[in-house]
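Both complexes below contain chain A, partnered by chain B and then by chain C.
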Partner chain A sequence: MLPEVGYGALLVAFLVAVYGILSSLMAVWRNSATWLRSALSAMRLTWPLITASLACLLILLVQGDFQVSYVYNTTSRSMPLYLKLTALWGGQAGSLLFWGWLMAGFASLAALRNWERDRELLPWVIVVTLTTLAFFVGMVLFSADSNPFVRFWQNRSGQPLAPAMFRSADMLPLVPWDGRGLSPLLRHPGMIMHPPMLYLGFVSFVIPYAFAMAALITGRNDVRWIRITRRWTLVAWLFLSLGLVLGMRWAYDVLGWGGYWGWDPVEVAALNPWLSGTAFLHSVMLQEKRGLFKRWNVFLIAITYGLVIYGTFLTRSGVFSSVHAFAQSDLGPAFFVFIAVMAIASLGLIFYRWEALRSEGQLTALFSRETVFLLNNFVFMSILAVCFWGINYPLLSELVTGQKVTMGPPFYESTVGPLLALLFLLMGIAPLTAWGRSTWKMLRRSVWRPALLAFLLVVALFLGGVRQPGALLGFGLAALVGFVTVYEYGRAAWMRHRTQGESALLALWQLAVRNRRRYGGYLIHLGVVLMSLGVIGIEFFQSETQGLLRPGESLEVAGYRLTYRSLAQFDVPDGRNVTRAVVGVEKNGRFLGEVYPRRDYYYEAQQPMTIPGLRSTMEDDVYVILVSWQPITEDGATFKVYHNPLVNWLWVGALVFLVGSLVAIWPESGNVVKSA
Partner chain B sequence: MQTEQPSTKQRQGVSPWMMGGAFLLLAGFLVFIWLGLQRAQAGPAVVGQPAPDFELTTFDGQTLRSEELRGKVIVLNFWASWCDPCAEEAAFLEQAWQRYVRREDVIFVGVAYVDSETEAKRYLAQHQVSYPNGPDLRTVISQAYRIRGVPETYVIDKNGRLTYIKIGPFVSVQEIVQVVDAALQ
Partner chain C sequence: MQLKFMIGFLLILAAVAVLVISATQNNATYLMTVEELQKRQQEIGDRPVKLSGAVLGDTIQEDPRTLTIRFTIVHIPGDNDEINRMGGLAQVLHDAVENPDLPRLEVEYHGVRPDLLKNEAQAIVTGKLDQNGVFQAEELLLKCPTRYEEAVPQPTQP
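Coming up: the complex of A and B.
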């Protein structure tokens, strides 16, 4: 019953979406407010309908109805409840439905806003949003591989038949006793948040894209579509950023290679829209303030959304090989058609409005905030070009030579590294430049203090023993950006303190409240600086060792001495058998504490989990793994140890980044004068 | 609905060269991904057809190449430590392997699909698997065979042709022996 209800609700949602598209077109054709209201209601209705469908799938997953092929393939009896729920995005079909549900949520939310001022945009926003939604829901409904409600059947003599949605005569249900279960790599609390955040980021870009296309179609080429979607874009971008960071944390905790980013093609495919989205967030400011780069902004949002769809296509069509990729499916051709239509329509519309999208102002000086932003966009797009090439080259080489070449971390690190350095330099300069016209003299006057501090820091690091040029350059640039940002913020607060007599804290608060976008942006920059410390730490200073130890013996890594003390094996009431080693950590002869790497064996699930013993400080992480494929006895066990300097700053920086984004997103209160 | 009339002046804006170039670039890109898709969609794993080539570095560091295994019947088994049905058939596979272990013309090869090395090695030790096994790095082999899940087993004859595909676990040693013997003939 539940599969039929779930499928039925989804089918109705699809029909409602198609109806919404048609009635929107009718509204334009007949210039009719009634048709438009009807289309708007349709858009609002999609979310409750898909919610009903999703609820059916969740109940099936939790109940463990293994006749349903998706439930059989992603869950098993022994899985705990939270994993059965996360199985929703553990496979192709469920995650597509989940994707559609999120998109419908955003569409309904957009439908609820006050449309009085923007009535002419509305029908086209509905058409673009619902077309995308209908496409995704249609794939779930009509593709044999992606329908999560398909069930197993057998004939009367017990022969299994091909899985099918509906039962016909002579078919009997075939209910396997247990399911295949979820990959243990996905059995981690990080997987509860990482995919939904990433999907939220991907999906919510549909709203700014729809507005941009609506503006092109209607010829409303002013800054209105950007103003309306500014917050949407920031929210989308924030979710995408969080999704990426949570993925990094998951990799760090689960994959057990002591790193957080592997340049896996799917990771890069998710990074691509983030890069163009970040370029967009910077370049829209030029259009808002100076009427510049209208064409470029429309192009950027179209490219960003295109990259979201293209990344999804590569991951789900079986074109990619990656641990992230879903198995083969029949979605490829449908996705291809969607991408082609979207790309041709977007490009065609941009050319159609080419002349109307001419910049209102001009770049007035060779050196100004505008030109620095332009360079910033150029660098972001260069990084994007490298990443785009990196994921497409293997496909190209396979087509031409028949050999699949993979682009590994060395390719990305050697090309992206220098571009990142340039980006940091621009981040350091940009806050000190003026709109319209800036002079080198002005820059020199404001930059010399932060630059001197950064230089002194580099000298101190050199004297302290840091010799790698790359690391010194990285630290120097990060310090420059950090000092400039703090200096700018501090200088403005000092001015308020002087002129308005506010206390230092109040002045800082008032600044942030009065110009959320700018100071939120500064906080984001600071977050990036802190994150870069973690990146530099791992890239240049990570070390590791491994060894078989008897009790009392030690391993040494990066000045730490790790001594294997004892081992205990015991059962705990929640059904685990825990093998727990006690490892003493010393540095320079001083005892710092103990870490407890474990191997937990889940009896019911017959699943071992390796849990690192972590001594985590702001200076470094000592990451100890009990190597469990070797025998672990009281007489000896093998340990793998990583020393990861500064890695915690990555997560601290991410938090600052999050706070900064929230400051920028938070709506301005009505009585505050908006200033740039 | 207020719509701006696209005047002829507006259309003069873009040079035809630029527009043509942009659309040509887009068309080229679409052709490229279409070809990539065709390749990915082509189903090479068909009984009677040549089996896709593979190269596997085992957990012991030995490299196995399918072309170097010509002249042997290959039993290529995809599994994962997290997969319960795989654990059910592991003993059958090992017992079947023991029947052929002294013959030169049969080899069993295990491919660990989406697994961590730690867990995979534990699984092999637990089930006392003695035939060569290795991780499917970047899921290249499982993509070439277009597997839909684990366990799946592909039997390849001495000439490199696929003779049998098993989706799901084997339920007895006899079942495995039958298909290997059939491939040997």
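Coming up: the complex of A and C.
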């Protein structure tokens, strides 16, 4: 019963979305407020309908109705409740439905805003969002691989039949006793949050895109669409950032290769819209303040939307084999057509409005805040081009020469590395430049203090024994950005303190409250600086060792001494057999504590999982992996140990980044005068 | 003014292009099948390649003291469509392991034994052939395709 209800609700949602698109077009054609109201109601109705469908799937998952193929493939009797719930995005079909549900939620939210001032945009916003929604819901409904409500059947003689949605005359239900369980890799707290965050980020970029297209179609070429969608874009971008960071944390905790980012094509595909989105967040400021780069901004948001769809396509189509690929699927052509249609429509509209989108002003000087922003955009787009090339060159090469190739981390490190350095340099300079026209003299006057501090830090590091040029450059640039940002903030607070007599703390607070966007942005920059420390730590200073130990024997790495103490094997009630080693950690003869690297063997999935033992401080992480162990007689076990300096700053930086984004997103309160 | 901007951007663009092209040439790794590697050895020379093959479970040897793993992989087709025509990856891996006529290759890897290294897993190795015809893998990835592809379950049990 529930599968039919879930499928039915989804089908109705699809039809309502299609109706919404058509009635919205009618509203434009007939210039009719009645049709528009009808379309708006349709948009508001999609979310409750998909919610009903999603609820059906959740109930099936929690009840453990294993006749449903999706439930069978992602849950099992022994799984705890929270994992049964997260199984919703543990497989292809469920995650697509979840995607659609979030998308509909955002569409409904957008439908609820006050449209008085922007009536002419409304029909087109409805058309674009509902088209995207109808596409995703349609895939869940009409693709055999992606329908989460498909069930198992058998004929009267007990022969299993192909899974199907509906029952025909001679079919009997086939109900397996137990499910296969969620992939062990996905049973981790990071996995509970990583996919929803990433999807939220992906989905919410649809809204700014819809507004941009509506503005193009109606010819409202002012900054209104940017003003309306500024917060949407920031929220989308924040979710995307969090999704990426949580994915990194998951990889670090679960994949057991001592790192957090492997330049896997799917990771890169999720990074791509973040890159163009970040460029967009910077360059819209130029349009708001100076009326510059209108074409560029529309182009950027269209690109970001395209990359979101493309990223979903890559993750969900199984083009790449990676930790993210669930299965080969039949979605490729549909996605391809959808992306092509959207790209042609967006570009066509931009060209159609080409003249109207002319910049109001001109760049007046070769060196100014504007040109630094321009360069920033250029570097972001270069990184994007590199990443896009990296994931697509293999496809291209196969198509053109027939030779299959792959691009590994060295490709990205050698190209993205220098571009990131350039980006940091710009991030250091930008806050010190003036709008309109800036001079080197002005820059020199404000930059010398922070630059001197950064230089002294590099010298200190050099004397302290750091010799890699890359690491010194990295630390130097990170320090420059950090000091400039703090210096800028401090200087402004000092001015307030002097002129308005506010206490230092109050001045800091007032500044942040009065110009949330700027100081939120600074906080984000500081977060990025802190994160870069973790990246530099792993890229340049990671060390590793490995060896077979008997109880009492030790391994040494980077001044740490790791002593193997004992090993235990036991079953736990949720269907795992755990092999857990106890390893003591010492440094300079001082005992610091124990870590417990382990191997969980999942009986249902017949798959082991390696969970590292981690001792984590702000200075460094000791990351111990239990590789293998001998039968009880010999009592030896093999360990691999990574020493990851500074990696914790990555997660701390991410928190600062989060706070900064929240400051920038938080609505300005009514009584504070907006100082642009 | 506009001209200066154009020149500046063209210069940066050229620099980025050079960076990407040289990085592509140095780091693009050929993806091959076991059969192709054995046929085109001369032409490939010292270039690292990436291979995919079915793991023969009986051949897995592990020396935990030196963290050396040796195993043999069996040729499987490199083309996804061909694999699908032959009944999906799980079926192809199963057939490959059972078929003694397919080309085989010995692989050596130094490092941690991956969790998924077992019979009929798909091994994806990156590295070079040494003089003895053993593939020295620098990277070893494994995939077990059975999970999501075996769609029809066993009938009800008590």
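Convention: the second predicted complex is superposed on the first by the 632 of 676 C-alpha atoms of A that agree within 3 Å, B and C clash if a C-alpha of one lies under 4 Å from a C-alpha of the other, contacts with A are read in each partner's own complex, and residues count from 1 in each chain.
As a working rule, a residue touches a chain if its C-beta (ideal position, glycine included) is under 8 Å from a C-beta of that chain, and two chains touch if they have at least 3 such contacts.
If you're wondering where the values come from, they're calculated on a predicted model, not measured in any experiment.
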- Query: So, on chain A, is it clash or fit between chain B and chain C?
  - Reply: clash
- Mind working out whether A:105 is in touch with chain B, chain C, both or neither, as first, second, both or neither? neither
- Message: Looking at A:28, would you say it contacts chain B, chain C, both, or neither? Reply first, second, both or neither.
- Response: first
- Task: Check whether A:551 is in contact with chain B, with chain C, with both or with neither, and answer first, second, both or neither.
- Result: neither
- Message: Once chain A of both complexes is superposed, is A:180 in touch with chain B (first), chain C (second), both, or neither?
- Response: both
- Which holds for A:627: it touches chain B only (first), chain C only (second), both, or neither? both
- Between chain B (first) and chain C (second), which does A:610 come into contact with in this model arrangement: first, second, both, or neither? both
- Message: For A:8, using the defined touch cut-off, is the partner it touches chain B, chain C, both, or neither? Pick first, second, both or neither.
- Response: neither
- Between chain B (first) and chain C (second), which, if any, makes contact with A:64: first, second, both or neither? neither
- Task: Could you tell me if A:73 is touching chain B, chain C, both of them or neither one (first, second, both, neither)?
- Result: both
- Interface residues of chain A shared between complexes with chain B and chain C: 73, 180, 183, 256, 321, 327-328, 404, 406, 607-608, 610, 627-628
- Task: Over in the complex, which chain C residues touch chain A? Could you list them?
- Result: 1, 4-5, 9, 12, 16, 19-20, 23-24, 26-32, 50, 62, 64-65, 67, 78, 80, 84, 88-89, 111-113, 115-116, 124, 126, 139, 143-144, 147-149, 151-158
- Contact set on chain B toward chain A in their complex: 1-4, 6, 9-14, 19, 22-23, 26, 30, 32-37, 39-41, 80-85, 87, 114-119, 121-122, 125, 138-140, 142-143, 146-150
- Query: In the complex formed with chain B, which residues of chain A make contact?
  - Reply: 28, 31, 73, 76, 120, 123, 178, 180-185, 187, 218-220, 255-256, 313, 317-319, 321-323, 325, 327-328, 332-333, 336, 339-340, 343-344, 347, 351-356, 358, 392, 395-396, 398-399, 404, 406, 606-608, 610, 627-629
- Spell out the part of chain A that touches chain C in their complex, as residue ranges. 66, 69, 72-73, 91-92, 152, 154, 158, 160, 162-163, 174-177, 180, 183, 256, 321, 326-328, 362-363, 366, 378, 382, 385-386, 389, 393-394, 397, 403-408, 410-411, 414-415, 418-419, 546, 548, 599, 605, 607-610, 625, 627-628, 630, 636, 638, 640
